[in-house]
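Labels run A, B and C following the written order; every chain starts at residue 1.
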Amino acid sequence: MARAASPRRRFLTTLAAWGVALVIFFPVLWMILTSFKTEASAVAMPPEFLSADWTTENYAEVWQRSDYPRFFWNSVVISVGSTLLGLAIAIPAAWSMAFVPGKRTKDLLMWMLSTKMMPAVAVLIPLYLVFQRIGLFDTKIGLILALMLMNLPIIIWMLYTYFKEIPGEILEAARMDGASLWNEIVYVLTPMALPGIASTMLLNIILAWNEAFWTITLTTTKAAPLSAFIASFSAPQGLFYAKLSAASAMAILPILILGWFSQKQLVRGLTFGAVK
Amino acid sequence: MSTQSTRLAARLMVAPSVFVLFIWMIVPLAMTLYFSFRFYRLLTPERSGWVGFNHYLWFLNAPEFWLAMFNTLALVGGVLLITVVLGVLIALLIDQPVKGQAMLRILVIAPFFVMPPVAASIWENLFMHPQNGLFSAIARGFGAQPILFLEDYPLMSVIGIVSWEWLPFATLIFLTALQSLSSEQLEAAEMDGASAFNRFKFIILPHLTRAITVVILIQTIFLLGIFGEIFTTTQGGPGSASTTLPYMIFKQAIVAKDIGRAAAGGIIAVILANIVAYFLMRGIGRHLDN
Amino acid sequence: MGKIQLTQVRKSFGDVDVIPGIDLSIEDGEFVVFVGPSGCGKSTLLRLIAGLEDTTSGTIAIDGKDATNLPPAKRGLAMVFQSYALYPHMSVRKNIAFPLKMAGMPDSEQAARVERAAKVLNLTSYLDRRPGQLSGGQRQRVAIGRAIVREPSAFLFDEPLSNLDAALRVGMRQEITELHQSLKTTMIYVTHDQVEAMTMADKIVVLNAGRVEQVGSPLELYHRPQNLFVAGFIGSPKMNVLDGAEAAKHGAATIGVRPEHLDIGAGGPWQGTVGLTEHLGSDTFLKVTLDSGEVVTVRANGDVALHHGDRVSLAPQAGKIHRFGADGKALA
């Protein structure tokens, strides 16, 4: 596929590819455009592509005059929190599975991945009831725990694959050089694993931010993140389209940016290494 | 490369995650199983009583349940079909020597990073809305009646929305797989006189088999649990037209507050997931051999 | 310093006895080479000495003290790995200084030692580069430098030249030998290449399936191999081995003659037809199919005008016929 094609062929395929890409991206584009319209022009018929009077008023109103910042903050705390908690548990586990594999390590890993295949609805009842009983319902901490448990298999898996790429001989060299286990982890392992850890963090923040089951079922008002907020805001009688678009745009913007950087991690993390 | 001291340290370090995941799997599942055999409604004061398999029978006898099962499988199947077929085609297209490939990737992959409620909201309000949506405007432009997507075709609309969200994932996976296909193989085939179509059929498609298998497996896991999109748009309606099994259980638990029944539904969902997994592994698992 | 004693060292992985039991003595200042085919246990043996693997049984003594249960850091040894195992995120300077840092040496002393090692190895201009920016040979030197600064009792080399191309290998081989001559420290060197073994070693340990086949100086192994395995392993091209009637004539189950010990000339006891010939200018290698059926390799000096199909007569040199019994061991 890398051979020089005829200029005409290149032109046609480029045209087709861009056409398809723009069609796919169009809904996002349309939402962004709508967010800068006035409410009137947002529902104008026939629809205006680029409005004459475009405004940033919607963003200001959503951000400043509603509860939006609180939901945004909840999303931030929950995504980052569940990721950090997951990392704290997963890094030692992945270390040991990658560097001191036993006979059952592979099976253990498979079992961990299989826990992700359990349908969330199967544990909805217990979590719902228990959280209410012990006061974790509608709290950020509750969501952090729930999301961490959902994503832990993926975090462990990704870290495992990154750690496995570190040549064992380098750690042995550190041992020969007199490094204690602690020194080995601090001076050699962590610097070499940092890119892998960062990639894993990235993917998990994205997955947690976009999560739309536990964030909706386990919250009402206090801990609701953006996903829950938008989900209940929807179908607004056609009066607040521009504002809805602004709210939505702000909700997805951080992840669109992070997502741009994390394509490779996405493939690695979600296909469990089966595709390279 | 291990000595006794490192082995002991290693076992200690895996312990927390194993413990956590084990508890996460066993305890809630056991509780769900327990509740599924009991009479337990949050709105009534009486809580006690075993009801045996009554809840399960309720599900099996409810037409709504079978509709939900159908909807669930239709949703998964429909999205799989659309994303795999289109994903392969789009990946093939982008893998060509085209200008601005990097930018193309960004545009095509963007929908995957849009959170489900927002994706659903965009489609519901900006496109499918009968008064203000773009589709209705186009229809009216042609002098036709706007289609009431979410009312008349709720399941198909949800399938459409979810497909839009997951198409980028499939495309990205296929694109990655295509780029690992050595151009030498294709060049050799060309020298052997294979047409573009034959090259696709005999070299590219077999190479993609593994990626397609992975996409189907991974997507199935996630698609069986689709929730946010339904909650945001149709709430499972009209009636139960777009209710899937997870959504039905959600309604029993959170709306009807019938814990016992919802728990039985949850167990049924686990059984369904296992059945699907079994058939999937039998059908396409052999393409995996890691 | 640098005297290492292995007594009945055994290593098994699960049910597999990789090393059934080895006794070995390495003197201070010796250059010892562990050589053998892939899987013979030479790397495992090295790692046991280094402390990177636990012995299943047996003792390892370093300078008279029992080191069997000591971790690698406390054995006073330094290792150069096959892949060099340099720390990719540290500069060359930091790589070489790392063991000193782990030992808690003051910074100024660290710097002094690093400079010295860098000078010996011609690395001074590379000190601030990262391993990723160095060539294979340079990385090799950094790995050696990291080992030198520790001033260990012995150096352990695990197939250090395998990843280098042929020309570089010859040069590095000589550098390592010169290093040994100047430092006079014990060196234990693992390789599968018998040329490296022959050129570098004071003492060669030939290993096969975890067992020591023979220990001796290079020339001892060359002139007096104690069994068929060593006879066939040392020397390139391989020793010609004949059994059957021809061997019986010499009172042995098998006899062996090295290609370089076969003279070409009229009247030799072995007649044959020349098959493949390789003319290198300095030597000529001939594959000759004897009338009795066996195929032997002959090495002749200079350029010999023999070609495919020529008839030739070969005579083994006196005293250069090695005789082996039915058990493969050399006969007196």
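Annotations
The definition used in the following text is that a residue touches a chain if its C-beta (ideal position, glycine included) is under 8 Å from a C-beta of that chain, and two chains touch if they have at least 3 such contacts.
This structure is a prediction, so every number in the text was calculated from the model and none was measured.
Ranked by how close its mean Cα position lies to the mean of all protein Cα atoms, the top chain is A. Here the largest set of C-beta contact pairs joins the chains A-B. Per-chain CA centroids place chain A at a distance of 16 Å from chain B.
Chain B and chain C have centres, each the mean of its CA atoms, that are 58 Å apart. Computed centre separation for the pair chain A/chain C is 54 angstrom, with centres defined by C-alpha atoms. The set of chain B residues that touch two or more partner chains comprises 1, 5. Contacts with at least two other chains are made by residues 172 of chain A.
The multi-chain contact residues of chain C, meaning those touching 2 or more other chains, are 51-52, 71. By the touch rule above, chain B contacts chain A in their complex via residues 1-2, 5-7, 9-11, 13-14, 16-18, 20-21, 24-25, 27-29, 31-32, 35, 90, 93-100, 104-127, 129, 131-132, 134, 137, 140-141, 164, 167-169, 172-173, 176-178, 180, 183, 186-187, 210-211, 213-215, 218, 221, 224-225, 227-229, 231-233, 245-246, 249-250, 253-254, 259, 262-263, 265-267, 269-270, 272-273, 277, 288, 290.
Residues of chain A that touch chain C in their complex: 167, 169-170, 172-180, 183, 187-188, 191-192.
Chain C meets chain A in the complex at residues 50-52, 71-73, 77-79, 81-83, 85-89, 98-99, 102-103, 146, 150.
Taken in their complex, chain A has these residues touching chain B: 1-5, 10, 13-14, 16-18, 20-22, 24-25, 27-28, 30-31, 34, 42-43, 45-47, 89-90, 92-93, 95-97, 99-100, 102, 108, 112, 115-130, 149, 152-153, 156, 168, 171-172, 181, 206, 209-210, 212-213, 216-217, 226-228, 230-231, 233-236, 238, 241, 244-245, 248, 251-252, 255-256, 258-260, 263, 266-267, 270-276.
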